[in-house]
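Right, one structure below, let's go through it.
Every chain is named by a letter (A, B and C) in the order it is written, and numbering of its residues begins at 1.
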Amino acid sequence: MSMTRDIPAPAPRRRMPQSLIAARNIVAFLTRSPTSLFGLVVLALLILVALFAPLIATHDPYAQDLQATLQPPSGTHFFGTDELGRDIFSRLVHGSRITLTIISLVTVVVGPLGLFFGTVAGYFGGKVDTVLMRITDIFLSFPSLILSLAFVAALGPSLNNAIIAIALTAWPPIARLARAETLTFRQADYISAARLQGASAARIIWKSIVPMCLPSVTIRLTLNMATVILTAAGLGFLGLGAQPPLPEWGAMIATGRRYMIDSWWLVTFPGIAILCVSLAFNLLGDGLRDALDPKQMNKR
Amino acid sequence: MRLDRRRLNGIAEQGISIFVTLFGLLILTFVIGRIMPVDPVRAIVGEDATREVYETVYRQLGLDKPMWQQFLLYLRDVVTLDFGTSIRTGQPVLQDIARVLPATIELATFAILIGAGLGTPLGVIAAVNKDRWPDQLIRVISLMGHSMPIFWTGMIALLVFYANLGWVGGSGRMSQFYIGLVPERTNFLLIDSALAGEWEVFRSAINHIILPAALLGYSSSAYITRMTRSFMLDQLGQEYVTTARVKGLSRRQTVWRHAFGNIRVQLVTIVALAYGALLEGAVLIETVFAWPGFGQYLTSNLLIGDMNAVMTCVLIVGVIFIGLNILSDILYRVFDPRTR
Amino acid sequence: MDPVLDIQRLSIRYAGAPAPAVRDVSFTLGRERLGIVGESGSGKSTVGRAIMRLLDTAEITADRMQFEEVDLHNAPERQMLDVRGKRMSMILQDPKFSLNPIQRCGHQIAEAYRTHVKCSKSEARARAIAMLEQVHIRDPERVYDLYPHEVSGGMGQRVMIAMMLLTDPDLVIADEPTSALDVTVRLQVLRILDGLVRDKGIGLIMISHDLNLVRAFCDRVLIMYAGRVVEALDARDLDNAQHPYSRGLLAAQPRIGGTREPLPVLARQDSWLEPLEAQA
C-alpha cells in the first residue's frame, strides 16, 4: 500500500477529470441546440420513468378490469384502458423498462462485438481482414429487419430472442466503421512507436486504437438505437418479439389494432411513445455528430 | 491495354466477391434453417403419423445424413431452383413468390419515386441553406420520417385518410369489387389493368397504392435527404463551384447545373440502397394494409413456422440486395467519366 | 485614363472570426498589371474574392469599391451576375479542382460565353475553339471534347484562361495561377496569360507568393502582411523595398550563386503591422 502511495500515478488521475470535462463540454454543446436538447430530455425522461415505473404508474399494468374495458382517456385512466380494462398509461410506463432493457442489452453486445471485429480486421489487415469483412458483408447483405425475422423465426418468438436477433444484425455496420477508423490510424507514427517499444497487438488495439474509434462508434450506436427501437417494436407488432401480456409498445399496437376504429387511444399512445424515443435518439445522434466531429467544430 | 487488364481484374475480383457473398448467404440460411425449433418432419406428416411414416420422411429429407451432406443437398436444391413446397399453400415456394413479388415491387417502385422525388430537392435545399431555418426544418422533417414506426403511421394514416376523410382506398391492392376482373398477365396490377383497358380498376389501384407508397416513400426520403445534403455540402465547398460563379452563373444555376451534376453518381447508389431498405418497410406496411405481397407472405409463413418458404424469402431478399449493389456499381461506372 | 478598379479602405471579416482577415486595404488599378504578394493567410486571396463579390457570409466594409461605373459594395446580386464573368473574371489556382470534373472542357468554356451572350450552341463552340487556339492548344477540336481529368495541369490551366478571357473582360484576377503547376510549364502558361492581357488591354491583378514571378510579370506590386498592405511600389523597384517585412521576404529568397549559408528566416515584429509611412 505504501509503495503505491509513494509513486505518483498522474496518468489515471489526470485522465479521469479530463474525460469528465470532455463529457461536460459535449453535454453543454448539445444543450445549445434545441433539437439535441429535446433528445436529451426525452432520454432522461425515459430512464427516470423506467427506474421509477412502480411509483409513476397509477395502476398495475397487468390488472384486468372487465367492467372498464376500452375506456377513453379520463382522469382515472390518463390514456384510457385496453380491451381487457388494463390502464394504458401504466402499461406504457412499465413498457419503458422493456425498451430500456432492449437498448442497453443491444448496446452492451453490439458495441464491443463491432469494435472487436473492426479493430482486429483493420489492424491486422490481409487475410484476417478479408475473412472478417466478408462475414460482415454477408450480414450486411440483408436488411436488418428481415434477418432479425429469420433469426427470431429460428429461435422462437420471445423478447429475449428478439434482443439476440437484433444484436446479431446490428454489429456489422459498427464493425465496418471501426475498421475504417482503424485503417486511418494504423499507419500513424504513435502506433509504430508503440509497436517499436514492444507493445503487443492486443495492447496496441486496446490502448491506442479503441479509444480513437470510440467517438464515431458512439455516434453510430446512438443513431442505430433509433433503428433498434423500431426493429424491436416491429418484431413486437408482428408477434415475434415480446409476447402478451408484456406491455411492450409494439405488441400493444398489434393488439390495439383490432379496436382501432372505435378506440383510437389503444394504438395512438404507444405509437407516440415509440416515435418520441426513436426521434430522441436520432436527434441526439445528429447533435453528437456535430459535437464530436472536429472538422465541423473548426468551421468558420 | 494495361487499363483493360486492370478493369478485367477488377471485374474478376468483384465476381469472386459476389460469389463468396452468395455462398455465405446460403450457409447463413442453411444454419438458420437447422436451428429451427420446428420439427420439419412433424410439419409434413402431422402429429399422429406412425413411427414408420415418420422415419421414411426423415430419411427422405436427408436428416439422417451428416451436416455437410445435408448442406450439399441444400446447395443442389438451390442450384436447381428447387426450394420445396410451402406447407401453408401447398404450392412450390418459387411459384408462390413469383406470384406475390410483383405486388411488392409495384409498391416499392411507387414509393421510391416519391422518396427520391421528395428527398433529393429537400437535401439540396438543406445544403444550400446550411444552418439556417430551412436546413433545421428539413432536418426535423427527415429525422421524423426516419423515426416513425411505419406500421403505426400506416394505421393512423388509414384511420385518418381512409376511415375519416375517405380520400383514398383502404386495404388491399384494389376495391374488393374489382378482384378477378383483370386478367393476370404480369401481376403488376397497374400494368395489367392498363393493358386490359380497365381504367376504373387502374384508378382503384392508384387509389389504394398511394397511401402505403407515400408512407414508405416518406420514410425512405429521410435517408435520401440526409445523404443528399451531405453530398451537396461536399460539392459546394469545391473550387469548380467558385469557377461557375465567377463565370456569372446565378446561385441556382451553380447549384443545379454544376454541384448537383456531381452528386448524381452518389445519389444513384443511395437510391438503390434505399430501394433495398424499402423491402424491409414493406414487410410491416403490407401487414397493416393487407397488401398481398412478399412481406405479407413472409410474415404469415413465419408465424406458422413454414421454414421452406421463410428461408427462400430470406435468400431472395439477400439476392435482391446483392443485385442492387451490383447495379449501383455498374451505374456508378456508367455515370462517372473518371471511372470509364 | 480612369482607373478600372478603385478600392479604398477595404476591410473583411469572416462570419464568426474574431479578427478581420483584411484591414484597410486601398489601391487603384488601371489597364496595368498589379501584383499582390504576401505569405499564406495574409489576406491576398480574400481581397480577390471580395472584389468578385464571392464572399457571401463575410462582413465587408469599404469607403469605396468602384469597378468602372459599378459600385461593387452596393450592387445588387442581379447586377453582379452581369458583371461577373463578362467584365471581370478570375483564374483560380488548381485546374484539378477548379474545373468541373464531369463536364467536358469545351462545354465549360462555351458555357462562360453562353451565359452572357445570346447565341447558338455551334457559335459558342466555334468561339471556344478559337479561344483554345489563342491559348496555344494545338488540337483544340480534340481538347474541346476531353474531360478535365484527361488533360495535364498546364493544359487545364490554359483551358481555365481560355474560359475566363473568352468574354473580353476589363479586369482579370489571377489567384496563384501557376503555383499548382509543374515548374517546367509555369513560364509557358504565364507567357500566354501575359500576352493575352497585353493584347486585349486587360487590367490584371496577379495574386502570388512568388516575388520573382511578380517582378517579371507585373508593373506594380502590393505587399500584404497580416491583412494589411504594408508597402506598394513599382515592380522594378522591388529590390529597394523599404518596409522591414518586404526586406525580410527578399532576404529569404535563395539565389543562384549566393552563399551557402542558411537563408535568413523572418523574425516577426508587431511593428510590421504599421504601413510604410509610419515606419520610422
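Simple rule for what comes next: a residue touches a chain if its C-beta (ideal position, glycine included) is under 8 Å from a C-beta of that chain, and two chains touch if they have at least 3 such contacts.
Every value quoted in this text rests on a predicted model; they were computed, and no experiment measured them.
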Check your understanding: Taking mean CA positions as centres, which chain lies farthest from chain B?
Key -> C
Study note, to complete from the structure: Most contacts overall join chains A-B
Point to revise | Approximate Å spacing (C-alpha centroids) for the pair chain A, chain C | key: 53
Practice item. Could you please state the distance in Å, as a whole number, between where the Cα atoms of chain A are centred and where those of chain B are centred? Key: 25
Check your understanding: Which positions of chain A touch chain B when the two form their complex?
Key -> 35, 134-135, 137-139, 141-147, 149-156, 226, 230, 233-234, 237-240, 250, 253, 257, 260-261, 264, 267-268, 270-271, 274-275, 278-279, 281-283, 286
Exercise for review: Using the touch rule from the top, collect the residues of chain C that touch chain B in their complex.
Suggested key: 52, 54, 77, 81-86, 89-90, 92-94, 97-103, 108, 111-112, 115-116, 147, 149, 160, 163-164
Review point. Contact residues on chain B for chain C in the complex?
Key: 238-240, 242-251, 258, 261-262, 336-338
Study note, to complete from the structure: The chain B residues in contact with chain A across the complex are 17, 20-21, 24-25, 28-29, 32-33, 35-37, 136, 139-140, 143-144, 146-153, 155-156, 159, 163, 276-277, 279-280, 283-284, 287-288, 298-299, 302-303, 305, 307, 310-311, 313-314, 317-318, 321-322, 325
